[in-house]
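The chains carry the letters A, B and C, assigned in the order they are written, with residues numbered from 1 in each.
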């Protein structure tokens, strides 16, 4: 079945008519993608994407975690093991396994993204089944070999105006430099993601900090370490970065006196860091990052609340990002206070908050963002980047924070072909929400049109200073 | 007013039409009731049910807690006191009191279940009022005396395919044996509910453990205690049990080294158990139960998060289950980890999770069930076993866990006549949800039909291995 | 654009038709305002309200916090500084600034209240813009000077039957006496709000207690302090009070032995009170207040869970109530137990609970109110006093607590002109909810009509004993 033109719009005819008008006005706007995880080498190398299984199944933890939850082994899906033991390498077999379990995705956003990609990128309007798995595999494979399916051509076809990657603090950003040197006009900017040199609970923390200091040419003191951040931020900024990103277990911030912060830095560089010291150091560094953002203007993002690698057996066998990261209850009201005391009223700071705990939307995040000039609310994240998740976000934040303390949409994805699908979903769901407001006479339609444009395009560009 | 054929279906005509088609296709499916609290003696004895007040008011804490909350004394409703002081014994008077307060149930599921029973079981289409209380009482009383109103006849009329009772670990299951011996073909299976011998915070814990060990012929060591569980589980399994059930104050699990577990067992058998030891023992035993489930194949259910007997005065006067159990905030992400570390990836285990804390649906339960092969989500439970509760369950879990990590419906009731009403409600609400997905083009109608069947019938049968 | 007659009613035509019928039947009912923050001097003096900026912007933290969150300085909005440094005093300039940022309120209840006031009080049907700011300012200013715009005339025009103010425990209630002495027939009653003499964490606590004991002529012992409460409660009751109100950081209650309570009282009167002692004293005093309510019949309200003055810089410059109070996670199940153990079953007590933590609606508050005879649920409060907030309140509480354990609507406002707007919003949203129940055949329309009346008028009057 082809994609329905009214998908995700409200079923009631009068409301749908309004939603349709709103959606039509923003449907074709360029994509602003200020937060995502595509690989900058794609744009630098412009090499063809490989087979369908490598494109859609192997790297997508949304897809393989669902199959895993129903008893399919990750090895059978071609997910590489850390011990390099053999896993399935026949893309067609992996694809068939995906097709055999396709019903599992009913009612999920993965299904909607996948079918949007199939139709708009590959021209396939059939539903994937065990019966047609081979033929679809062949059709996708064939298309993947064609010139107009390379990353740069797709970037242009997707009407992307600017896209941000996410890059480690010590990353030389060579791919970004190659993109620039190539003369290609696509705008691919890095984002400064220093978690590896900020989180002392990581096994590789000390090694990462050493490398980081070496890259920046800074001494192993707290002052040197902060200078290294300043230097790397400037390096990123020269290459187009407008933001930093911080993925912490919680939203805790601290603002210690300098001597305590220095002593803490010395402690976390030793082996056997206590959990409290690790947590406090992360907390302190969020405030340091905010301080630097006030100086250099990089927009700051905090993504807290994921319990990473909940499944130790899977982690030991397959490593990070295998669908075993689970959200946890997250506090913002107390946690953010030290940072907000220092910079919450500073108009030079933009701090964008994300959450995996939807209970905080109405109770904590909207009231905070509806007060502090420095705060903005990021869009629904990860598990909540879905039609119902986006609807709840608007219903739970708008009445307190309004629309203008939010920042448009983030696709947050490493699945390149799903980018247009995700932005399209967000535009549809926002237009559906706006149409409900218009239909219940809480908003007039001219305002809804302005808002639809702001939510689809303008706010992301403005908030991320792009 | 007769029951409306479209009750609980969405009002928008196009969506309602889809929902109607879906509902019609599952309306008459047999009832799978894998978790409930009906009395096996009903099926064994096949004695008539007593008067209307004893059927509908006295034993139903949904009903009498609402009247109590508005100042009606439990004594006046015939609820027995522990001190055997006299309470109202005139069923007609109790019924009149219920009728006088019937407006309190507006907007509640109790009202919908009651009216479904009245009409489909007793042929009464009038709304209960003070004015018609006596006449309805007479009509119900008269029907209750007739042969086709006995438990076995109703079991058949209700189209029940299989029903599970809930039984204490030391229960000889005599009623179940009598049912089998009678030659009646109804399928009534027990479920292993060992809380009384697992929870050291109960007053009668030591006595229960002694009795339990005696029944199993096992010595009073931890090894003997575990063997007693194995033996009783086998005894239940021989009588048709396919599941165990665990109603704990929280979802904490532990996986202690054997010597620590043995020492803990010795401590909890002494008087003056600490709260921490009691909690740790319950936690340890959940993991032991999972270990046994891996061996014997019994499906495991955890029902955590109820603060039992919140009202000490009422508890002292009337005992357990008087509507004073209150939900509490419940953590799963950290609490379940020891058990999941041991068995979460084991395909032999099915562990079904319930909650009284709806904030965990999207944040914890759906992400966990959408990853771990052993986990499934039980249906909305207790206070949330209602139209809005069921809708929220689907809206908050489906996008992350899909439909196939859920297990259909549980009626969870001791109110026999309400069983068809509860399953009918679940089918309607699920069809309403599916119709919304179809109407917003997130699902196609042929898939929705398959799902309606799965949710109404197949998934319960499959998940509970019935 | 004029206010749409169907605003906030459901868009689906059949449901809207039901909602319209329900709303029409309650639209013109008198307003019962049992909890609010209007100034009794308004009614006593009957002086004209000043300019539009002083009426709508300067005192309304819903308005100025939104502008502040987007970078507008409070000084520019005429909000007075504690250091008396000059702030904008030109009402017209403030009004223009408000108009320039009016789009920020899209989707918020503030917008709906404001436009309802503009049209129904001032006859203005235009949307506020930068372009018409001056002309609207002039029209409002002109009207404010006219006799029928004075507080008493508006009270009558608004069809208020009774309104409660909120007054400090030591307040002599002179304005209330002047209202009475004036012979005006409006009913303005005080409410006993003793937070200042109950919360030892306040800077001015000891001074307030001294003043309080002096006013009551009581000695500085715990017995004297309790007697002072009794005396002041009686004083309030003589002037028409039917309720007390308690705004605590959390819902903790305690019921200490008398000697411990006395010792605690002595400790909290000393400088350097510990946070735990302050918390315990507040907890103890809630139980003492309940004890007095059982004696004197004043209805008790608890408003817990606000983290006051989250922004210390703003607090230092501008003081209390500047939009920087943020909700926090709140527990009721454990916190209320000491009080409920003592008085939860007492039919003489009515204790009305509010929350800023919506997760407690279904999990804690509805189950508690659906059981304890003394408990009732207050309407959605503060940030949740909004169309979506009111809808969630009904959806999350009704199935467990029913409608009759709720108490109608509170406007809770100091913005006089918004009172009719707020009650109108509540009536519309409740009728929309009832219409959904009728349209999905969960309720019959005659019952919905009775409920619409109860929710709009009768329950507030009854619960607050007005």
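In this text, a contact is a pair of C-beta atoms (placed from the backbone, for glycine too) under 8 Å apart; a residue touches a chain by one contact, two chains touch by 3 or more.
On a predicted model such as this, the values are computed, not experimentally measured, just so you know.
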Field rot_deg for pair chain A/chain B, CA superposition, rounded to the nearest 5 degrees, holds 120
Comparing which residue numbers chain A and chain C contribute to their contact, where sharing over half means same and under half means different, the two sides are different
Per the C-alpha means, the centres of chain A and chain C lie apart by a whole-Å value of 40
For chain C, residue numbers touching 2 or more other chains are 12, 359
Listed in rising order, the residues of chain B that touch chain A in the complex are 12, 14-15, 331, 333-334, 337, 340-341, 344-345, 347, 359, 362-364, 366-373, 375, 395-396, 398-405, 436-437, 439-444, 447, 450-451
In their shared complex, chain C is touched by residues of chain B numbered 1, 3-4, 6-13, 65-66, 68-71, 103-109, 111-112, 127, 307, 310-314, 323-329, 356-359, 383-384, 386-389
